[in-house]
Amino acid sequence: MPFRRLGPSGLRVPLFSLGGWLTLGGTVKGDPVKDIIKVAFENGINMFDTAEAYAKGNSEKEMGRVLKELGIRRSDVVISTKLFWGLRNGPNDGGLSRKHIIEGTKEALERLQMDYVDIIFAHRPDNTVPIEETVRAFNYVIEKGWAFYWATSEWSAREIEEAYHVADMLNLIPPIAEQCKHHMFHRTRAESEYAPLYAKYDIGTTVFSALAGGILTGKYNGGNIPTDSRFENHKDFFKNTIAGFQTEEGKSQLTKVEKLTELAEKELNCKVSHLALAWIAKKPYTSTVILGASKPEQVIDNLKAIEVIPKLTPEIEEKIERILDNAPEAETTFGRPPLDKFRRALY
Amino acid sequence: MPFRRLGPSGLRVPLFSLGGWLTLGGTVKGDPVKDIIKVAFENGINMFDTAEAYAKGNSEKEMGRVLKELGIRRSDVVISTKLFWGLRNGPNDGGLSRKHIIEGTKEALERLQMDYVDIIFAHRPDNTVPIEETVRAFNYVIEKGWAFYWATSEWSAREIEEAYHVADMLNLIPPIAEQCKHHMFHRTRAESEYAPLYAKYDIGTTVFSALAGGILTGKYNGGNIPTDSRFENHKDFFKNTIAGFQTEEGKSQLTKVEKLTELAEKELNCKVSHLALAWIAKKPYTSTVILGASKPEQVIDNLKAIEVIPKLTPEIEEKIERILDNAPEAETTFGRPPLDKFRRALY
Amino acid sequence: MPFRRLGPSGLRVPLFSLGGWLTLGGTVKGDPVKDIIKVAFENGINMFDTAEAYAKGNSEKEMGRVLKELGIRRSDVVISTKLFWGLRNGPNDGGLSRKHIIEGTKEALERLQMDYVDIIFAHRPDNTVPIEETVRAFNYVIEKGWAFYWATSEWSAREIEEAYHVADMLNLIPPIAEQCKHHMFHRTRAESEYAPLYAKYDIGTTVFSALAGGILTGKYNGGNIPTDSRFENHKDFFKNTIAGFQTEEGKSQLTKVEKLTELAEKELNCKVSHLALAWIAKKPYTSTVILGASKPEQVIDNLKAIEVIPKLTPEIEEKIERILDNAPEAETTFGRPPLDKFRRALY
Amino acid sequence: MPFRRLGPSGLRVPLFSLGGWLTLGGTVKGDPVKDIIKVAFENGINMFDTAEAYAKGNSEKEMGRVLKELGIRRSDVVISTKLFWGLRNGPNDGGLSRKHIIEGTKEALERLQMDYVDIIFAHRPDNTVPIEETVRAFNYVIEKGWAFYWATSEWSAREIEEAYHVADMLNLIPPIAEQCKHHMFHRTRAESEYAPLYAKYDIGTTVFSALAGGILTGKYNGGNIPTDSRFENHKDFFKNTIAGFQTEEGKSQLTKVEKLTELAEKELNCKVSHLALAWIAKKPYTSTVILGASKPEQVIDNLKAIEVIPKLTPEIEEKIERILDNAPEAETTFGRPPLDKFRRALY
């Protein structure tokens, strides 16, 4: 398993990690969770990602229980969780106020049966709370020893800049990573909007939905929803996505998946899902790609993507871009000669 | 129950909260306290305000006992207490020295049987202690996890500005609110003196005495002091107020209450007390109006004010102002064109 | 003429100002420029906006010459110019390096025959120069006395936040305004992207193209390009815009202009151009709307918009929105109760 | 002539200085101005105070002309002027924006025919301009060499605290003095409101109206307005003051002046005006008392107050207080033992 630093931090994270969204504690409970986590850990995945809101707290509970039962040493794993959505409906049960960040962290640690997590994420931005309060509260959590790092999820580039602004002014610890949706059909934010942040702050991304909810596995090719697929299991949650298959945009995506499948199978000798995962993992700012799994075999299969990464030559990448035809525009310099990758201006 | 942010913080507080001054732990003890708090909580009031000095520590004790007995989850309520007056007479038993703030907070938490309060107030300014010591000490209390926020009570605008000055210089957390007396006959400080602070720092007010100690319920109309009224129960404390009924000023106030009563009953179909509470609650800088109650029914009755707020149209407000005839003068701009509500100058 | 503060500054600017883009020094030269500026000044317009790039430096030259010839007292006017595009093609002739900002300012002042301008704008962001260098250089210009304030033009919200970040860290003066394109068919940036900046920093906008290059005067209705129109005079510059008339989007816009024309004439007794100008001017964050003019009569006609502003009642605004059907979405709070206009959260 | 430091600065100012309000350049012009200034200078008064608004710029002009004609060395005098009211009616002609502070200072120096003044005052607070802009602009004026110090006039204690807040944050020079009205019948601001500022920042006061516009000379005793008095010469400006003589408050003041006159003549062998001037001059925070004069003899007469100062024993001061019966209340400490003059707490 290759490891990367998580953004500007010294923390090493595995290029592929395991996430608890929808599956662990949700559709999958009990011993199968243990099997999945055991296999993941034995195959080099030592980072496990969860959130207070995943399966209404049960994702944290199951993950905590299993890690304890497996007897895995705490320092051998990287655990991340997230706060924002809350578990109850009171006026202070959620968001990024000092009250919820502190109360929420304590509750999450109890569910996880841990003294600390490695990373605590702000699961969404909360523009109803002054950013100073939020940055101070995450720093409090770190100073208390309840987390080693904090990070953001689905924040805009402006909001992350704002967090750095406050952290710099107050000598506080800024966020080190962004947990963002990033896949072949959802590219602008990770590839373009965050570009100045990669350059200035070296933040990393912890990517979710790298397989576009399964679209990039090819299993929805033709617009079918197989039984036992994520979309079938969570019909309600994904109803817009499913309906999207019938739109022009949706059909175009499925066609592209077919072409990518051909490319993967013929030229790279792998599944399209391996190609899709490797393509995200190869991005220099990707710190870790979070895998979801409802069976141990899925984890093992997904990890084959590691071997595909070196096969993504400039020529192959060029072919992928021609198929996708959706590369976000580079930031304009309004006619000023742009900088090369060493930040030199080439006139 | 409508909720508002408390000043510039992310904490949501109910528009009406329950205070423990004079009643809880004082004239009211034991099971009636439980009844009052239970009814309040069931009706959406999740903020309870007390102070070390209320009923010599008994207000905190009763409140803590009752919340425990009722089994209310800590994160579901907002608890505030205050330090300044102390409970004993030693030279360091009070004020805003680091010694009293830290020792006093610990003792208050013991009486409340809690690990932390949400907000800790400086119950008065202490100009015998350097402001730096006071701001540092409240930040210590917050960093210890004993409170989430700190605030002031009955500080002048200059003193609050001074606290912001020190907090800014030292990167410390400034106060987020002012607990001030504000009612139809006591307006200057909340409506005029603090105006620059609302604009600059967005501080909120947690209002006490919104009913002017009961004058605005109409029960003292004619200058009578009914048995079982607050003034009768605390004759000594209120002796100046009671004597005031006989002055020209006092008589004028009672006449105004009579006119307001007519307005409330005829045009708004409510009691004058509802009108008085709604009028304070509607002010944009009011974060919460603290209700006092010696019986559960009073809480329920007072909350009817919520329905009156939307009835306070510009026309009704104009009528109220004509009756009161005591609006504080707006801050002069010495001939410079004043700013409108968007802070734009219209010449 | 109503005056407003320019953003968070103490500078008062007229709600309508005169800009030199394309016309002054470009299509219009010599005495007609004097006539236009004279009429503008006599009608209360005391702010004149130009840029180094307008008519290749000739806009500044003509404006400076005319103000001198008219004998207008320097302190009676607000002069703004902009740097970025440069006038020559050398590697350092443009952008926001310290070199170009200082050299460019000196040259602009020479062309204007002035010791200082009131506001100097960064005509575009320059992401090939570290923001620190740019903020420092504009502060240098201010400390030299060559400008009283600096501002941005066409910067993203993230870039402006970045400028505030650096200014705060280094105790430098931040930009006070954004000169942005804002009209009924170009709304997202001014109305949505900048919203957090209005709230946090109170920046103002100095709006250009409020008439969408003339589309909102109705003169292109039916897709015709009249002789003597801006699009005819600058065919090459506007070729994309003109081609756009034939697209679905373009046709839809012209239809909306027709409906707005009817609304203006029948319900407000004014031209559609007055309606369009008043609608921008009424936005609380608009500091000034920059008018373009190739004849004195145009200035006088445009100023009739001032009388239309108070006629834009909530009902009329609602009708306009129904015709436009393009209001930018409000920023999401991800389910947290949003703040009202007093920044209070109402749950 | 005794000299004092001006507040926390190193500048020495004479205990009595000469002001140009109403007289110099106003009711008195030409050679008499020269006579007054000459006599003042020969008698040790080396500080001359004026303002852009005094006599619409003519006070500065006359003062500048005379000092030049008298050949007084620049370094031998302390010159102060003030900005705020402006001389014209344009939207930017006044207030404390950067534009007016810089343009106004330049114009004032031209009228004074000087390269710099010693002190530049903000003649009023301008709450329509962010305090940061104002503090920065006065610092610019100082950095340019156009003034050595800046100060405030008629600012509230909160506003001065705010200026210190900004100056501290930005490492800028704060104001060193307050030019305030202070006389036996106008005491609260100087003696009570500013008390915390004297203690924290050691600011000084440059007092105007120490004789209450002449009331404390005894010349209006009985309510008469003598011809050639200030009130007669400026009837319109002082119409409220004159009308005030007929009120209960006004009569009470005149009675007090009569008693003070008796005290001055019988016990101190001086005029009541000398007593009134000495009483202000003796206050520890008074830096200079600004005299007005329309004749040279007045200057000489007023300076006799210097000899009265040491005669103001605790016993005499006690008698004065008994006559005045208007001492502002000391700041409350809410029951905390107050500090003595060495800032020690006496329990």
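By written order: A, B, C and D. Residues from 1 in each chain.
The rule is simple: a contact is a pair of C-beta atoms (placed from the backbone, for glycine too) under 8 Å apart; a residue touches a chain by one contact, two chains touch by 3 or more.
Small disclaimer: the values here were computed from a predicted structure and weren't measured.
**Student:** Find out how few touching-chain steps suffice to connect chain B with chain D.
**Tutor:** 1
**Student:** So what's the Cα centroid distance for chain A and chain B, whole Å?
**Tutor:** About 45 Å, centre to centre.
**Student:** State, to the nearest whole Å, the distance from the C-alpha centre of chain A to the C-alpha centre of chain D.
**Tutor:** 67
**Student:** What whole-Å value do you get for the distance between chain A and chain C if each is reduced to the mean of its CA atoms?
**Tutor:** Averaging C-alpha atoms per chain gives centres 41 Å apart.
**Student:** Give the residues of chain B touching no fewer than two other chains, as numbers and ranges.
**Tutor:** 3, 5, 12, 337, 339, 345, 347
**Student:** In graph terms, nodes being chains and edges touches, is this line, ring, star, complete or other?
**Tutor:** Looks like something else, not a line, ring, star or complete graph.
**Student:** What chain-chain pairs meet the touch criterion?
**Tutor:** Listed in label order, the chain pairs in contact are A-B, A-C, B-C, B-D, C-D.
**Student:** Which residues of chain C touch chain B in the complex?
**Tutor:** 1-5, 12, 202, 284-285, 287, 337, 339, 342-347
**Student:** For the complex, which residues does chain D have touching chain C?
**Tutor:** Residues 88, 90-93, 95-100, 102-103, 107, 126, 128-130, 133-134, 136, 140, 143-144, 169-171 of chain D touch chain C in their complex.
**Student:** Okay, in this complex, where on chain D does chain B touch?
**Tutor:** Chain D residues touching chain B: 84-85, 91, 94-95, 124-128, 156-158, 161-162, 164-165, 168-169, 196, 331, 333-339, 345, 347.
**Student:** Please give the residue numbers of chain C that touch chain D in the complex, ascending.
**Tutor:** Touch list, chain C to chain D: 3, 5, 8-12, 14, 46, 74-76, 78, 118, 143, 145, 148-149, 171, 173.
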